[in-house]
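Taking it in order: structure first as structure tokens, then the write-up.
Every chain is named by a letter (A, B and C) in the order it is written, and numbering of its residues begins at 1.
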Amino acid sequence: MAAGVAAFVSDRPETARRDDDVAQAAAGDALAFERLYRAHLPRMHGLVRRMAGPKDCDEITQDIFVRVWQKLGTFRGDAAFSTWLHRLAVNVIIERFRSAATRRLKLVDDGVVMETLPGRAERPDRRLQLDAALEHLPDGARQIFVLHDVEGYKHEEIASLLAISSGTSKAQLHRARMLLRKRL
Amino acid sequence: MTTCDTDILSSYLDGELDDAGRARVAFHLTGCAACREVAADLTLIKETAPALADLESRPDADLWPGIASRTQPARATRISLSWMEAIAAGLALAVLSGGGVWIALRGGERAAPMAQGAGDTGPGGLIAVADFGDAAYESAVKDLREALDKGRNRLDPQTIQVLETNLAAIDQAIAEARAALSADPANVSLNNYLADVRRRKLALLRTAGELAQPEL
Amino acid sequence: MISLFPLIVAAALSAGFQGPRAQAPDFDETVAVTRGARLSVENRAGEVVMRVWDRDAVRVTARQSARARAHVRSADNMVWVTGRGLGSIDYEITVPSWLPVKVTGHFNYIQLNGMGSEVTAQNVRGDIDIRGGRGFITAKSIEGHIRIVGAEGKVAATAVNDDVTIENAAGELTIDATNGNVTMTGIKAAAVSIGALNGTVRYTGTLAENGRYSFTTHNGSIILQVQPNPNATFYVRTYEGSFRQDLGLKPQGETRQGRRNTYVSGNGSAQVELESFNGGVRVSTAPARQER
């Protein structure tokens, strides 16, 4: 399992109680499901925002938890719930982009046009700067960057998820990194 | 690299080059300050990125009500009609609704404009017919809804949400048309208009029901 | 060396990625067809791009994702292209221009170019882009922009959650959008029916003698641009918006807000219904500015 995903495995004290919630939610307990939702929302919302951008973030996050409810019966407990949830979330996000991509967002790369953000502010926190810069990446490059560099997926896994070749994944990762790097 | 082709740098930094490739790039970097700078920048990005996974965020509004409404157990469906019968009922009802104005449903054609020389008033009997249309219309909507609910787990959540949002928008338009009609009950054009919007709702429910059917 | 990302510069969205197109097709089959044949393509997810050639044959190439397999079958003057398994398939299909085609699916981008016969395209999610079409041209999408250019015949387009754009069409047009705008330009049609719920209806075209036209929207404006001095009767109703026109139309009788008001131009032969519940109606011969 990719390193970034393994970081999701929780070792907090409430793990045991959370496991109960999973079992109860799988059995149809709406209150247990709500507890799961509230516990995992911040990470999921952050993941969606990084991969999909802020625009449809809330909607996609909602879709993810609805899918969790629908698929909870298939969770076998052989991996951490948060790992299972993470993989499901990535699938929902990618599905969304697969359909949105039919709007011809996947354009042929014909060069990068530089544009200065107005009112640029210096941010001391490198994480926050990178996070903010992510929003300006094109969808495909951002997805691959988040999956590989942030979440730790391998190119082969990304290729399988996005139905592209490993070569394309590598090329797009590099392009994302170079776009993030650009500055005056 | 014989020229400064930085495209290979990510692969180099990710350890994806073979020995020969790695050696070539390493050798180039020793002599090229520009590429070293790019490599250093990319390394910084690579090293910073995993920390983004810890950046949590929250939606502006609580998403739970929306999630709860979409995950509530489906109400018990008393299917009184098969979906084909429900659609037929919907079509028949559309003929009746709108206060007795006949609406053609072939391919969405609109009714011919009523030949009326004067304004919009019509005979008082139209009001009574509109009341009859209400009950039959609601019944058809209910049956089409049930047929849709039966198969909605075959639809993905986003499609369901789009359909529900649009059905709600149509309901809003129906409410506005009805409010206008209650203020001007003898207005034949408004009657026509209400019938048109109701027909739109039935058509969307019919489309949704067809989508929710198992693929043949 | 980057220190603190001093000036973050955004790259414009022109840089995308070449997705499956970067891969070579891994499926390639050609079947001969004779006049009278029809093609049906069912693709659950992916793309269907169609072009025409002058051969009496259908060539199907595809890029298949890991778990999906394309399948071509022909019998009884029908050619079926279907997919097996989960995952997406991106098709490029070349057909004779005389071949009627039907493309259906769930999550699809559909682009049909140079069509010379009947076209049916249906989607749950995905844009539909049809160039050409003769006879019956039908497009339906729940979420997806529908664009039809250069069609002649009976054109029917239904979009639930996106816009419909029709350009340079002739014949009879029936367009419906629930949550989207309808924009029609270069239209030469004798029967037009446009219905929208949340959207603005824009129509630029000629009004034919004795033609029948109906434009309706609930939340949005209706903006018509027609030839000068048309022979047409306009029936106009708005509840919350206004009616503006520069054709010199004369009202028939007293005009009242919320009621159907009649205006006549020339011999009044074309019948034009214009109705916006919450928006305005504008009829002109000049390029129309956005109303409301």
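Here is the rule we go by: a contact is a pair of C-beta atoms (placed from the backbone, for glycine too) under 8 Å apart; a residue touches a chain by one contact, two chains touch by 3 or more.
If you're wondering where the values come from, they're calculated on a predicted model, not measured in any experiment.
Engineer: Which chain maximises the distance between its CA centroid and that of subunit A?
Structural biologist: Of all chains, C has its centre farthest from that of subunit A.
Engineer: Name the chain with the Cα centroid closest to the overall protein Cα centroid.
Structural biologist: B
Engineer: Does B-C or A-C have the larger number of C-beta pairs in contact?
Structural biologist: Here the pair linked by more C-beta pairs in contact is A-C.
Engineer: Between subunit A and subunit B, what's the gap in Å when you average each chain's C-alpha atoms?
Structural biologist: Roughly 23 Å separates the two chain centres.
Engineer: Using mean CA coordinates as chain centres, what's the gap between subunit B and subunit C in Å?
Structural biologist: 18
Engineer: Taking each chain's centre as its mean C-alpha position, how far apart are subunit A and subunit C in Å?
Structural biologist: 34
Engineer: Going by the touch rule set out above, which residues of subunit A reach two or more other chains?
Structural biologist: Counting only residues that touch two or more other chains, subunit A contributes 95, 99, 126, 130, 171, 181.
Engineer: What parts of subunit C, by residue number, touch at least two of the other chains?
Structural biologist: Expected reply: 2, 125, 143.
Engineer: Residues of subunit B touching 2+ other chains?
Structural biologist: 41, 44, 158
Engineer: Using the touch rule from the top, collect the residues of subunit C that touch subunit B in their complex.
Structural biologist: 1-2, 124-125, 140, 142-143, 154, 156, 158, 160-161, 174, 176, 178-179, 193, 195, 197-198, 212, 214, 216, 218-219, 235, 237, 239, 253, 256, 258-260, 271, 273, 275, 277-278
Engineer: Would you tell me which residues of subunit B are touching subunit C in their complex?
Structural biologist: Of all residues in subunit B, those touching subunit C are 37, 40-41, 44, 107-110, 112-113, 118-120, 158-159, 162-163, 165-166, 169-170, 173, 176-177, 180, 184, 187, 189, 193, 196-197, 200, 203-204, 207, 211.
Engineer: Under the touch definition given earlier, write down the residues of subunit B that touch subunit A in their complex.
Structural biologist: Checking each residue of subunit B against subunit A gives 6-7, 9-11, 16, 38, 41-42, 44-46, 48-53, 55-61, 63-64, 66-68, 70-73, 153, 156-158, 161.
Engineer: Touching subunit C in the complex: which residues of subunit A?
Structural biologist: 95, 98-99, 101-117, 120, 122-124, 126, 129-130, 132-133, 136-141, 144, 160, 162-165, 167-168, 171-172, 175, 179, 181-184
Engineer: Touching residues of subunit A toward subunit B in the complex: what are they?
Structural biologist: 3-4, 7, 28, 30, 33-34, 37-38, 41-43, 45-47, 49-50, 57-59, 61-63, 65-67, 69-70, 95-96, 99, 126-128, 130-131, 134, 145-146, 149-152, 170-171, 173-174, 177-178, 180-181
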